[in-house]
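Going in written order, the chains are labelled A, B and C, and every chain counts its residues from 1.
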């Protein structure tokens, strides 16, 4: 890697997220909230509740990582600048006359730009989470991965839980199983930055940040243009699952044993819920075909 | 303000809540619990669970503020005097032979006295919360407002969440939107005491405490006598909402746009809220595009 | 108590839980998870989610006590040895070809051994929780009892809550009322160890640990052999409830007053839920007959 490249990545890794990238993040988050059914009506009925939900959408990741590290979940309220910024964006998006913002946001290039800048903030959040967790637990690399992940992709968990409590959303049994591609990519990034932080990765942090950000933005933009759920990690997942769990699939006969086991041995009440079990079996079979 | 007035308010602001006002607070809270359908039956079937719920009703605000500040939620258990007091009141109210307490409590004057004294404790809780939050974050006036609010009116949130987890209560989508009058008034008080604490209000704390308490008690008693949900903050709310959100309502045509906008720009269908799950699924699909 | 007895109990109380007893605890917990309907299918569809659930089953008690004491809930991730141990057990149990482990576990003697060793770890957890809570609050014996209880039997609460959030489990109103025998016995043990810790019990800790463990194991094994829910604490509960709440049952006429009170005095919305109330009444009546 030559000096100009290093200079480039260093300058990039020193870019301040405030204000422009943060603004993009807030805009994307609040627009996602507004596009939920009934959100606009709620904003008119009870602005306070809508504002609170918007804050959860904007700062959810930080709140989750605070909860996981037993720090005050309200701490995000102390950064008055960010709160003011997010609040004004919420106000403009929800109450702008004739809904100009939404109209402007409905153009694809604008969405691409905003989404791309939001992805940049994701890298910064992951790095911040990993470093922050490391300040708690020197060698707790599992915690570092978890916190980096929570900061980067935890907002969706918080907002889903809020919808659950509000009753807007009824979970099905396998709802939480499907990780979104964002969550998967964030997890990958969190793992990489953690290993980089513990010097198990032979790459400097600013280089990794640059490459990972480009990776994030490329994927996001590609997914938004070609409206197909492109799965960049599919091969990786495939290899992993083949390595870890694949070799048992040579023995289908044992599968059934696995499933029928609960019915036979003792303390589980699988008899009553046999249909569910069967349904899951079927689903699994299809999923693996 | 003359010296006698100052003396009066000072003496008032130095009144100790323990034992009498706290007793009134516990009595009102436990009676509210007992008047829930089936609560008495629960107390007979499983006294421990009923006792736990009663403690949540009595100390819910403190627990919520502890959670929000990442303090041990169990800390309220360390104040043995209060626990003992609340427990004995719970025991007397639920298990007093011939239910004498409930009969005595059914007389309006008794209820008025108890409710009025409970409102007095609310002021003390708000002030305590604001001061406590200020000891964490010097200038975090948003946190101060939130903690004062949580201490003053957070009990209902805790108990609602407990009912939600217990399955006694199914939330509708707009259930959490409607703030009770108590919550609104407590929020107003929390804001006032926060600004007083940060010296943005030209009034001494004891005077504000005195006036706000009188305000609280008057409203509460009036609402209990004239069984009508008198809304003392309606004009204030009206002015605020007119100032903040009213001026868009001159443009009804945009209203529709605001409402129909989500339907048109992609991932949601505000028109058809009935199949929420379908909408969510769709959103998931599109969100990854 | 002679010297050999003291030596025996001392040696026992100094036994290290790691690795064998911990392994037994993990095996029992993960098998309990696997015997839930559909768990095996989930493990194939989304190993990460299954692994997370398994960790909750293995470390739930510690997580709950961390939450209650406002410590980082993720701290259990810092003990890499235990995580590695639990993860490999999860992997073997769920992905062992031809499901050998489950087959081996299906033999009663193996189950008895594992369950017995798991009960031993329960004693250690209770003692650890009580001591840990005491390091926070010197005289907070209520907190000590609660934390000891949470460590010993809190795993089920965490996993139930997880199922609730996942939507696998819908709570009925009286679901949380029924304490399992394990929870009751753990509560008893937590109370005893707390009083022993505060020197209100004239017995040395190692003796109490020895006797309580034998008590736990005996009950567990007996309950597993004679598949009847033997209730060792029934007499104790009976005496207690008779002492505390029994004497009112002499006056059935007052019961009705208790129940009809809510309908008559004011602020409770018992009218809408009259059927529920009536149902509860009936249930209660039968329960008391």
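Basically, contacts are C-beta pairs under 8 Å (C-beta built on N, C-alpha and C of every residue); 3 or more make two chains touch, one makes a residue touch a chain.
No experiment lies behind these values; they were computed from the predicted model shown.
The set of chains touching chain A and also touching chain B is given as C. In this entry, chain A maps onto chain C through a rotation of 120 degrees when their C-alpha atoms are superposed, rounded to the nearest 5. Chain B and chain C have CA centres that are 33 Å apart.
Of all residues in chain B, those touching 2 or more other chains are 70, listed in ascending order. Residues of chain B touching chain C in their complex: 32, 34-38, 40-42, 44-49, 66, 70-75, 77-78, 80, 83, 91, 95-99, 102-103, 105-106, 111, 165-168. Of all residues in chain B, those touching chain A in their complex are 67-70, 136-137, 139-140, 142-143, 146-147, 161, 164, 170-179, 241, 244-245, 247-248, 251, 253-254, 257-259, 261-262, 264-270, 272-273, 276-277, 279-280, 283-289.
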